[in-house]
Amino acid sequence: MTIDAIRHQVSDLHQELVRYGLVVWTAGNVSARVPGEDLLVIKPSGVSYDELTPGDMIVCDLDGNVVEGEHAPSSDTAAHAYVYRHLPEVGGVVHTHSTYACAWAARGEAVPCVLTAMADEFGAEIPVGPFALIGDDSIGRGIVDTLKGHRSPAVLMQNHGVFTIGKDAKAAVKAAVMCEDVARTVHLSRQLGEPLPIAQADIDSLNFRYQNVYGQPQAR
Amino acid sequence: MTIDAIRHQVSDLHQELVRYGLVVWTAGNVSARVPGEDLLVIKPSGVSYDELTPGDMIVCDLDGNVVEGEHAPSSDTAAHAYVYRHLPEVGGVVHTHSTYACAWAARGEAVPCVLTAMADEFGAEIPVGPFALIGDDSIGRGIVDTLKGHRSPAVLMQNHGVFTIGKDAKAAVKAAVMCEDVARTVHLSRQLGEPLPIAQADIDSLNFRYQNVYGQPQAR
Amino acid sequence: MTIDAIRHQVSDLHQELVRYGLVVWTAGNVSARVPGEDLLVIKPSGVSYDELTPGDMIVCDLDGNVVEGEHAPSSDTAAHAYVYRHLPEVGGVVHTHSTYACAWAARGEAVPCVLTAMADEFGAEIPVGPFALIGDDSIGRGIVDTLKGHRSPAVLMQNHGVFTIGKDAKAAVKAAVMCEDVARTVHLSRQLGEPLPIAQADIDSLNFRYQNVYGQPQAR
Amino acid sequence: MTIDAIRHQVSDLHQELVRYGLVVWTAGNVSARVPGEDLLVIKPSGVSYDELTPGDMIVCDLDGNVVEGEHAPSSDTAAHAYVYRHLPEVGGVVHTHSTYACAWAARGEAVPCVLTAMADEFGAEIPVGPFALIGDDSIGRGIVDTLKGHRSPAVLMQNHGVFTIGKDAKAAVKAAVMCEDVARTVHLSRQLGEPLPIAQADIDSLNFRYQNVYGQPQAR
């Protein structure tokens, strides 16, 4: 994939965040690793989703320095870059403040795996990462420390929002969409009682099948 | 109806799932029996709703084997096929993970019949089927065992999602739309107290009138 | 207003029900009285909102008998007709199963007047009417008995749905939209505690000003 | 900015209220101060968002008297005008009855600052202003008394709705969008437990950075 193709893909994928209601105003961003190079492509800061074009996307190195682009990159670029530096199998990263996921994140509570679709996509609970301030590597480190060795491609950063990873940007967007979907369903289910657990062996079996038999193998 | 007309109908009906917010990403599927033949038409696996065309639809026999089509059929094809084999009056099947219905399904709890619109369409509570893993006939058997002899055209499969049936694919889609609608309304109602029951005789009378006087008679 | 103009208005107003999410599938209907004649114009039964045209609208007398139109009229025509026969100041009637209003209706609980916008439009709580079966004048009588002498242009029919009235069809649609809006807001407010009451004198003052100073005087 | 440009901007910004679901029917309004003049531009009363054009916007002096425009101005003009008279740094004001914010307002309860995005935009809880009737300066005074010396650009007027301020109309609209977004997320979070607090020093640090390092400095 050329950088130009990645600019188009990353730009288009932001529209999926809008379509699924995961973002308001200019919050939320998608990035992709440029295969074979120490570069990433990410949304510019503060540009509205209506006006976003492939040409607006910013190319950065994996320390988050701008290599190409007219605007400043997303203020979350440092977190994305940290993930690419420390998880070489990751090709895409997404960040949102999607509503139900943030409702769990504000309580610092993981979303339990009580839906077969959740076993398929996440293979486990969706875990919580630490509270971390923007401005240094704290957020990136919190994401990596939480997701390393975890089946889930999504982490709820406490009091903050969601980061998802994938083998490419599209897989990370899918994980962000599914994360909000299951966070909402499990939230609603728990409002009127306790969801029934799924046995660990069944979660394992569903996840193995989904990741290996049906879909293409994911980054994680 | 020719197979070509059914391809168009099944393709178009997927857009109703999108319009009513019953599906995210590529989850959810509609199928139709080909009248007079041991065939069904179903969505391909993993194709996005934006790109779905009548030509993408897959024709399978009633054991779920592909007869015609370029893609793999939906991973839920075995469940659809099982229903067609065991319920000859069924002409359409729909599967979704719609939010409120899944919230009930995750608790393994039936939706009580406390709305006249629910008495009309479902004639009873919306029942819960067993927890079942994908990969053999367990899901199909759970659907058929639960709906056989039940007025409801919808079943909540525990920890999983909704399956609906109808005399044709459109009726099954309508049942899926109404299932989420009443699951949501009854959920909300119960958040602030206990909904008032409707007397069984009134449920019977509403359902009889709706199924026989106003609408065309349904498959079930 | 000619019958032709009313056909257009009634047809167009159904799109407002769709836009505000008050209806699914073919549930919900709008009617208008033909000024100076013992006639009403109403939606046909079972036609989808996408396909509805002014020419599809049905003209009935005030006993609900079809005077002009190709389809059967809405199955709720008898209730609309009863309202026009007994409340001569009413020029429009709307029926929906909108979600939050039905959640209150299923518990048989009135929506308390705890928002200034609710004092403006409804001037009181939104009251509950009796449980009534379709098929005779029970529903119409329940609507009229509840709304006669009440400031509210909306009634929650127990376990069923909402009926609203207005000086014309547009005012009735506005009441249906506002009814769902305040039913939702007050529902949410009560989930986390008890909304603060508004003093009766303030409700009276807000309602008087809204109905007499700003807007055009309503039918009720 | 010319008055003509401001008419276009204010007209367009009303569409953002629609897009983010903050308004129904004709409730809700945006205004802007005309820089360097004692004038404001505001929505006309009772015109639907579909039909709103720049030419419909009303120009008023800062006592709320119409200077230019065919329609009557919004019935909330007195409150907007009061804010411009008493807070000279404010260039835009927005009023909505957005759902979740009103659910807090009906209980007279402030939204606690438990999300980093809330610390960024609001820098504190979103405070509650007094119950006040329309018709004199009570609402305007309640807004100004509550927001003066408060970091938050949004106030929940008890039993009523939201007013937001900003250095210009766009900033005030952004605050209205974010207010509903965080009111919803914190509402949902509290439904299933208690959100974790963010330390005051962290709120201060996030707010300082957001208002000074990244974005352009706001009016407040």
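Letters are used for the chains, namely A, B, C and D, taken in the order the chains are written, and counting of residues starts over at 1 for each.
Here, a contact is a pair of C-beta atoms (placed from the backbone, for glycine too) under 8 Å apart; a residue touches a chain by one contact, two chains touch by 3 or more.
The UniProt protein names, listed by chain, are A, B, C, D = L-ribulose-5-phosphate 4-epimerase.
Note that the coordinates shown come from a computational prediction; the quantities given were computed from them, not determined experimentally.
Trainee: Farthest from chain A by Cα centre, which chain is it? Let me know.
Mentor: Greatest centre separation from chain A goes to chain C.
Trainee: Same or different for chain C and chain D, when you check if over half of the residue numbers at their contact belong to both copies?
Mentor: Different: when the shared numbers are divided by all numbers used, the fraction is under half.
Trainee: On Cα atoms, by how many degrees is chain A rotated relative to chain D, nearest 5?
Mentor: Between chain A and chain D the superposing rotation measures out at 90 degrees.
Trainee: Find the geometric centre of each of chain B and chain C from their Cα atoms only, then give the gap between the two centres in Å, rounded to an integer.
Mentor: Using C-alpha averages as centres, the distance is 31 Å.
Trainee: With chain centres defined as C-alpha means, what is the inter-centre distance between chain B and chain D in Å?
Mentor: 44
Trainee: What parts of chain A, by residue number, touch at least two of the other chains?
Mentor: 191
Trainee: Going by the touch definition at the top, which pairs of chains touch each other?
Mentor: The set of touching chain pairs is A-B, A-D, B-C, C-D.
Trainee: In their complex, what parts of chain C are in touch with chain D?
Mentor: 20, 114-117, 174, 177-178, 181, 184-186, 188-189, 191-196, 198, 202, 205-206, 209, 214-215
Trainee: Considering the complex alone, what residue numbers of chain B touch chain A?
Mentor: 24-25, 27, 45-46, 75, 97, 99-100, 102-104, 106-109, 131, 133-135, 158-161, 187, 190-191
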